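Both complexes below contain chain A, partnered by chain B and then by chain C.
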Partner chain A sequence: MKKNEFVNQLAEYCEFETPELTLDTPLKSIAGFDSLAIMSIIAFIDENFNMKLTALQLQKITDFNSIILLIGEDKFEND
Partner chain B sequence: MGTIISKIEFYLPESKLTNDYLSNEFGRWDADKIELKLGIKERHMAAANETAGDLAYYAAEKVLKGYDRNKIDMLILCTQSPDYFLPSTSCILQDRLGLRTNIGAFDFNLGCSGYIYGLAMAKSFINSGLANNVLLITAETYTKHIHPKDLANRTIFGDAATATILEKSEEEHIFEFDLGTDGKGKNNLIVTNGCLRSVYDPKAENKITDAGDVYTDNNLYMNGPEIFNFTIEAVPIVVEQCLNKNKLTLEEIDYVIFHQANKYMIEYLRKKLHIPKEKFYSNMLYTGNTVSNTIPIAYADTLVNGLIVKGNKVLLCGFGVGYSWGAVIVEV
Partner chain C sequence: MINLTGKRILITGASSGIGKAISQLSASLGASLILLGRNIERLEETFYSLQGDGHEYYSVDVTDYLKTDEIIRSTVRSNGVLSGFVHSAGIEKTLPFKASTPKLFKEVFETNVFAGFEIARIISQKGIINTNGASYIFISSVKGKLGDIGNVIYCSSKSALLSGTKAMALELAPKKIRCNCVLPGIVRTEMVERLFNSIPTESMNNVISKHPLGLGKPEDVAALVCFLLSDQAKWITGSEYIIDGGYSAR
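This part shows the complex of A and B:
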């Protein structure tokens, strides 16, 4: 998966309502980013990367880039 | 010889807490989105002077209607909201229900996995010859543990009680169990104060979650993301192991009932396990997450609505606080 595809797919999965999201869009600025979205992020990463992010890790996410760093950049193709 | 579920009933307290009420009270909330995502529209709440013992009594009276209560020779109550530290609420119920005195009665403390463990004990008592007719009750009033400003937990949890009669039968209807425990998860769903490790503190300080919900150590605290992580790890394994122990495949199971934690979580588990939608129970719209009550409520509901019929094999799976989990296959 390419990083930009990750942004789009995750945003669709979480049903974020803010359009034109980028890797460094602050998550807290996104309409629909709430505790339910955190569950969706866990589910999306479990489904696509077969890994679990802990609550402590999830507390530190700020944008899509920070989620990619937690998953591991090596899991992504170059854009 | 074996054990069979012969009767099952549930009781919901009268008072209801609706999404619209919560939406008005908190103002930071989309009632429709909550209903869509969590699958909950309203939940019942025990009154201030109504305990789990009361709810248990009402549920038990319903199931004992038309049944010779002198036949009951074991009473088991699953609750984490007992009426007293001591005595056991089950002992009080034995008297209040007018059951015989030469029977066993005891409480056990489990949450969302409790019904599975209750079935395991009932089956063990009956198959060992220690009892013939077991009254298994689940009763919970989690809403009393929740801080009034904790919107997330007030949204999810509701109060209820259920009563099941299990009897000795010609053939076995309660098949093999798979059970699991991991106490490392204790801090992720806990009421810290109130018992003897840490007594109730009237001056306990307010804590605020990332989502803005308020709680103190006297209240119920749930770390949602960690509970979700635990669930998506433990449930697929316990389901697979339970099927293996019973030498059955998912295709041979007629219906699946999971603990109704919330719609989002169980729908994710359903997809992960490739369980067809038409044989998977998902309904907590008018009850919310009622902890150990969700599985028996679902079982009663599916029976009444003809979703399961005599001879069907039903997989039941409970998981949550502890962490504690378990699964079993029963034949209706």
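This part shows the complex of A and C:
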């Protein structure tokens, strides 16, 4: 998966309504970013990367880039 | 004083948490136990902590119905009929409803519901259960009565356990088998400690604050279960007992 595809697919999965999300968009600025969204991010990463992250690990995320760093950049194709 | 002397009781999920506490208390009240659990090391730890004698333990996945059936028949042939059954084995999954696929539902229901009812079905047969009377306790959850975000699968499995127990109570009453459900709130078990270690402190404190008497201990639930296993509860069947430190009183 490419990083930009990741942003779009994750945003669709979490049903974020903020348009034009980028890798650097602060998550706290996104409408609908709440505890259920954190749960959804965990489920999305488990489904797509077979990784079980915890809410505690996700406490540190600030934008999509920081989620990618948690997953590991090597899991992504070059854009 | 509750007395379980002379009762042979089968307990699933005996290797940890509530199941372990029920095992320890019921043994100290005179019962002889057949412990079932997946993790052999932790199961042995429970076994060696028990007072009294005549206890047995078997490392088994309770969803392996053929193996469980063999174990039950073999122990009854060797050591006599059963007077009690506690289904404490259970798994929890927290995930959004959108990720709650039939595969995951099946996985949780297999352990939380199907295994408990299948063991109850096996032991209710002639020659396995004590014809003078028996007591089955299913460990549900207060979440079997209340909703919770991210817990559609878990809540529905615990609710299924609750309604199935009531129907079973009606059907097995002529055999003098009593069936009841215990619905704990959040109890400080290894499973809950793991959960608390995976969420921010703020979320953990929020959970704790919803329990007016604080979180429970496994022994709190064990005391209620042992009462229901005893002959002092002989007129109680098809009932549900919430034990949650006031969580559901709001």
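We adopt the following convention: the second predicted complex is superposed on the first by the 79 of 79 C-alpha atoms of A that agree within 3 Å, B and C clash if a C-alpha of one lies under 4 Å from a C-alpha of the other, contacts with A are read in each partner's own complex, and residues count from 1 in each chain.
Assume contacts are C-beta pairs under 8 Å (C-beta built on N, C-alpha and C of every residue); 3 or more make two chains touch, one makes a residue touch a chain.
Keep in mind the model is a prediction, meaning the values are calculated, not measured.
**Q** Which partner does A:Ile71 reach: the first (chain B), the second (chain C), both, or neither?
**A** neither
**Q** Who does A:Ala55 touch here: chain B (first), chain C (second), both, or neither?
**A** In the superposition, A:Ala55 touches chain B and chain C alike.
**Q** With both complexes superposed on chain A, which partner does A:Tyr13 reach: first (chain B), second (chain C), both or neither?
**A** In the superposition, A:Tyr13 touches chain C alone.
**Q** For A:Met1, select first, second, both or neither according to whether it touches chain B, chain C, the two together, or no partner.
**A** neither
**Q** Would you sort A:Ser35 into first (chain B), second (chain C), both or neither based on which partner it touches?
**A** both
**Q** Once the shared chain is lined up, is A:Ala43 touching chain B (first), chain C (second), both, or neither of them?
**A** Both partners, chain B and chain C.
**Q** For chain A, what residues appear in both contact lists, the one with chain B and the one with chain C?
**A** After superposing on chain A, chain A residues 35-36, 39-40, 42-43, 46-47, 54-55, 59 contact both chain B and chain C.
**Q** Looking at the complex, which residues from chain A come into contact with chain B?
**A** 34-36, 38-40, 42-43, 46-47, 52-55, 58-59
**Q** Under the touch definition given earlier, write down the residues of chain C that touch chain A in their complex.
**A** Contacts found on chain C: 94-96, 98-99, 149-150, 197-200, 203.
**Q** Spell out the part of chain A that touches chain C in their complex, as residue ranges.
**A** Its residues touching chain C are 13, 35-36, 39-40, 42-44, 46-47, 54-56, 59.
**Q** Show which residues of chain B lie in contact with chain A when the two form their complex.
**A** Listed in rising order, the residues are 33, 37-38, 152, 188, 210-211, 223-226, 228-229, 232-233, 264-265, 268, 272.
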